[in-house]
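Both complexes below contain chain A, partnered by chain B and then by chain C.
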Partner chain A sequence: MSYKLNSFSRGAVCATLLASALTVLMPAVSFAQTTLNVAQRQDPQNLDPIDTFSLSWGSIASNIFEGLVFRGEDLQLQPGLATSWEFLDNETRIRFNLRKGVAFHNGEPFNADAVKYTFDRLLGAEGEKGPQRSNYTSIKEVVVVDAHTVDFLMERPDPVLITKLAGYGAMIVPPKYIEEVGEEAFDLKPVGTGPFEVAEYTPTVGAKLAKSDTYWNGEAKVDAVNIRFISEDATRIAELLSGGVDIALNIPKPSVETIRENERVDLVAVDGPTVVITRFNTETGITQDPRVRRAIALAIDTDAIIESLLGGLASPISSAQGEKSFGNAPDLTPYAYDPEQARALLAEAGIAPGTEITLDFPGNYDTFREVSQVLAAYLDMVGLKLNVRPHENSVYYNDIQPNGKTGELYYFGWGGWTFDFDNTAYLLYHTGERQNAYISDEKLDALLESQRTTYDTDVRRKALQDVARYSYENTLDLPLYNEATLYGVSTRVEGFVPAPDDRARYMNVTVK
Partner chain B sequence: MSDIKPKTSWFLRFFISRYASFEFIVGTFLTVTLVLLVLFASILFPDGATKVNLAARLTEPFQSSEFFLGTDPLGRDILARIVHGGKISLLVGLLSALGAVVVGTVVGLYAGYYRGWLDTFVMRFADIQLALPFILLAITIIAIVGPGTDRIIILMIVSQWVQYARLVRGAVLSLREREFVQAARSYGLSNTKIIFSHILPNAMGPLIILLTLNVANNILLESSLTFLGLGADPQTPSWGGMLSEGRNYVQTAWWVTVFPGIAIMLTVLGLNLLGDWLRDELDPLGHTR
Partner chain C sequence: MPIFRFVFQRLLQAILVTVAVTLFVSFAIRLTGDPAIMLAGDSSGVTEDDLARIREALGLNQPFLVQYWDFMKTLVTLDFGESFFRGSVRDLIAIALPSTLLLALASMAVSIMISLPLGIHSALHKGGISDQIIRVLSLVGLSFPNFWLGIMLVLLFSITFPILPASGFATGQSLILPATTIGIILTATNVRLVRTQMLETLSAQYVMVARAKGLSEASVIYKHALRNAAISIITFLGLQFGNLIGGLVIIELVFNWPGMGTLSIEAISQRDYPLLQATVSILAIMIVAVNLAVDLVYGLIDPRIRVA
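Right, the complex of A and B next:
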């Protein structure tokens, strides 16, 4: 079938085509607006720094806010909104010299008043409503010295404070703006000093960020970042593969192959903060005996688990921390796979072949569900029958683990964005911690407490390494792996540096 | 049935008989195959179902005779797991339906025969229970008592006896007024004897139909609950658990979920066809629905 057009309609068609071509071309030619499209799993539901501890907040707000201290993807602490700091009065007072000529997105100047307001708000009634306040209660008060100098008066020593000033609750907020618009409006459209400002935030849908023209430390390379919340893993991956988004966060392990096989998308992995270990019940059952614990540790081939089950996207660990963690002891090597030795130790401890032990874990963690069955297979080879017992999440964390109702083995997964072993070690080994039902050891308590009262990094590092070494020698835990943080990045994207802690920053990213 | 036996071969007789129906042949074939596989599971696959073999993880199907239907993310043989998994499905399906039918029938018989406060109480209780969504009830109870196959069976009995009780009670209400029951009563038979020897046999038809359909339904339910992580523990192979474990791999390894899915489908289909055939047999006029 063929159509013949008369001259009038031919002209009309041409005009239409031309017009549509122009409308398509025009934005590209005249505005050259570049937008980076990002997809992440979760909506933080609130952009206010003091109202959240969600990683999904970090991957948006690290582009909007800044702290006195800056910590980038290499995890080194650098001057941020403060140019320098010093410890005074026997380390009870920390003086921060503030950067001059910095303004919030709304034009309000950044100065000592803003810093004081930020911490008064965090430590006051408004901060009490959120989860961030408890991380900063070592600060007694912030005192304004002059317009560009503040003093932090300390309630007690807090060696991790400087790190904590680089994130979350310590992000500097504008006093006038909050007074003007109110707390609720600030939750949805906050103002910071960072390289991007919030153009639009729609809960459950996404956040649109626009380049800030007044940023003090250079200029973002894209004009806008469009972050969408796509909770369904398969949908987020599909958007990445089809080119709908340029960067996808929170890549689940089973999708790794799909991304690796696609040539327009790269998989970017970096060691994350989260470690997965199984802990021993050191109080009852056969795991009271350190020889049995060591035997179990030697019976597991963690390298094989990492290589095959986790696709190589995790690192072996010797204690409950990754290589990047402050307090990691590099001289400790992960327990080597040695089933012979394991069998010998079990025989020495008088454990009959076929003895049954139990592993408890929260059942909704798919990867560990698989890992647990591999553990069972390995233990079977040395003559231990491992029963795996999954629990409903809240039952596990509120009852089984804190109340010591576990079997001989139980799951523990943890990682703080501070990458400081204090965070994990204290709640694993200090007597009376909620999630530590079994271990009470004077030596560990003393080590853990000693490093909390000094700012001397060498002393602290040694104390934390000693904790790791003590745990290793007595096989208090069976360290499994340090999970990688995974990003799917389109090959059109350049300059993206993956953040280990999910606090992705888009300032230096370009899109071809 | 018939006393006249024409001299034709058994083969021809079979095909002109009522057993020649599509439902009967396919339904029997599927169900018998399943039962045989399950009965001989440990002989067919002595240790294949739980043996982890990381070197052979996610082997594609139809490539080797060792792993005919491929392997799952832990390198376990999917065919062996399906056959062993059938044990759980069949066990849960049969035991829960049988348990419910026994409890429900007894309650229904007594409630319908004696009426009075027992009837009112039991039936109001049944109404309340029918209003509770099963999955919600299951999630709540499992959260309290912990997961396990035995608990699933008990949970199903507790929530399903109601259907049988209502069905039986309905039948008893009309049967108890019938002449043969009155005759039995005037004959001086005890109530228990009347209930179990005269009323129950006449209420059996719909009961058996409901039973077959419920077995199929419960196999599906068990799969759903295990899929949600409420059923069998991860080491025990079960069809729902296999689906649950495989769903993250759908894009790269379809066989991990597709084959257990087909197993569930064929089993439920077989039992449903048998149920349909039984309904036609026991109630050709369609009195019961």
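Right, the complex of A and C next:
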């Protein structure tokens, strides 16, 4: 859409009115094309891989772009645009052998130059404007060996690198196309090597994808995917129930029953990356005392919260990670519900019944708002009066949490798409991390740092499990639940595999 | 030419209002949060250096007045600059503004089509059964929350009887439900307004004179009474239209209508300064423009108020 701005509003209105009038008169003409209609909550606002960290990007762009490494719905790492890789020179150099005969949607060949360009761009000036660069700074440089071989020279060891090459900032982009059309045009109409190409992206409205005829790894089963951005939950569900869309992402908990009861729609759930915990202010107030923290943890019946409030669509957790997470310690069991013991611990710590504590959280998260009420009820039963204090989202993350202005308890919801506990644990426990205002512990710092310098998965797993255990024993956090990722899928749809990380792929989906 | 002077004064006023509003909004939003953090997300490993780099790239390390001046330059050239997150502001507004205007106009049209005949009828049959029914219904309409009515209409016409799309901006049919929802809500007020104004003019002496002269009832009602009542009705509708342009947020959300309200709300929650400044300025200018248009329309309807 480009209107001359002087006559812009009038012309645009006339055009829209005319277009509307025409479409009212002519019912949709049907082509012999199959289109999959999808609704998701958010507009990623920018399709360039290095400009976003949003899950809403993942559910579109995973169909457009590919990385050197591929990770599908089963979370296993497989060869992607690289057919194999090996660690050289004492693990300071990683050599990737690239797939031959692959082309971008515009016909440009995929080769070593494209890989080098992708990472030069990510780590250079263009990457600095976006949020992805900081995830990849362990790479010093990408060197072209020959047309189908590249070496990654490492600045420092990065055990999560191979996983990170399967997503987000590491998606391979076409050098010639970007140079030709410019960065701004690439944001809105990018070109990748994936099974679908971008036909049209309209900000705030939606993205239309068309099947790529030149895809190297099979052929998409539908001709087009029409992804609409519908931010209002009730509206997205209404579209699903009325048949306006075939697949709806980001199903909110209150709509679960409606979808389960409807015969034409299925609810599909899979354990997601996001965990919800409440953290303790371990520096001031009564929660400095580990006995008080443990008492609070024992006072809450998380199973009951999951069953009655979340419709069973979440799993209990013992640390700030789900079962699928690398670093999860299976020997830890979630804190058992034991109000007797909780009262005893509080008495031992000298806490008078009726003592007031405060829970801070971002108020636009409806489910947690309800959870917070339940927490207050449980704590009331052991003699603690919980005040809940919701904040505007941005205020919470910009000020309350990083600057340590919380009450005794505060909300934390997080899940890295990498499903590697390093991501969450570092941010929660390492000294000086932005969102970690209270915890500074040499033991945790040492454990966290040790697992970042080795590629040995056994050593890393043990270190991360030790972090989880240490946090559990000292009750640094109160783990609540691991959220399921929910999809509403019409019974017309076949072949849809729910992605735990929201990176929905539509290549093998058919619509009857 | 007094009319030009009048328009000129109003333009000056528009500029002052825009400057005042944008200055206030630009200043206030900068107190509440840092877009660099929104942009970086909570990704682990973001350091203060990274944030500083993002701030520099976005021009946020410039003094406030420099940033404001840069914005005013983009406003004057109608270029509107670059959003922090989503490309050209002008492209975003090119979608949002027409769709908001379309929805606002359609809703007003629905409302006028219902409230004018009903209001006149009600005034002519004051105290009668139909008048009572219309008044009670308008009271019911006033008490509806608009989002609730919207959701009910969706349930009825998209899910129970799937004849209209539940949301979106794809076809002309998508306009029907949102425009009807707001139209009904507006009608509740407008029908009362038309009724009151008509009652007032119908009891005026010139109407009595017109009737005494033996003019037809239609001529009395439409030419004399309605035309005189129109002044205050138009004033009110003008203000209502101004409110609508900025006040459709909830209906836009319910029907997933890509309008200015949604765009402003998103800009606020992301601390997208350029986008917010642009949407707010445009809304301010539009409201001033609507008021100006209302003043000018007076003159057309009522020769006594030709602007002096």
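One rule holds in what follows: the second predicted complex is superposed on the first by the 480 of 512 C-alpha atoms of A that agree within 3 Å, B and C clash if a C-alpha of one lies under 4 Å from a C-alpha of the other, contacts with A are read in each partner's own complex, and residues count from 1 in each chain.
Criterion: a contact is a pair of C-beta atoms (placed from the backbone, for glycine too) under 8 Å apart; a residue touches a chain by one contact, two chains touch by 3 or more.
Bear in mind that the values here come from a model prediction, so they are computed numbers and not experimental data.
Contacts of A:426 after superposition: chain C is touched, whereas chain B is not reached. By the touch criterion stated above, A:203 is placed in contact with chain C alone, chain B being left untouched. In the superposition on chain A, contact of A:83 is made with neither chain B nor chain C.
Looking at the superposition, the partner that touches the larger set of chain A residues, chain B or chain C, turns out to be C. Of the two partner chains, chain C is the only one touched by A:188; chain B is not. Touch criterion met: A:244 reaches chain C, while chain B stays clear of it. Of the two partner chains placed by superposition, only chain B is touched by A:389; chain C is not. Applying the stated contact rule after C-alpha superposition, one finds that A:333 touches neither chain B nor chain C. In the superposition on chain A, A:309 contacts chain B only, with no contact to chain C. By the touch criterion defined above, A:234 lies against chain B and chain C together after alignment on the C-alpha atoms of chain A.
Taken together, the two structures place residues 234, 395 of chain A in contact with chain B in one case and with chain C in the other. Every residue of chain C that touches chain A in the complex is listed here, in rising order: 32-34, 37-47, 50, 53-54, 57-58, 78, 85-88, 90-92, 94-99, 101-102, 105, 151, 154-155, 158-159, 162, 165-173, 175, 253-256, 258, 262-263, 266, 269-271. By the touch rule above, chain A contacts chain C in their complex via residues 1-3, 5-6, 8-9, 12-13, 15-17, 19-24, 28, 45-46, 51, 53-54, 128-131, 133-135, 137, 184, 187-188, 202-205, 228-232, 234-235, 238-239, 241-244, 393-395, 397-399, 414, 416, 422-424, 426-427, 433-435.
The residues of chain B lying in touch with chain A in their complex are 51-52, 54-55, 57, 73-74, 142-143, 146-147, 229, 233-235, 245, 248-252. On the chain A side of its complex with chain B, the touching residues are 233-234, 237, 252-255, 257-258, 304-305, 308-309, 363-364, 366, 369-370, 372-374, 376-377, 387-392, 395.
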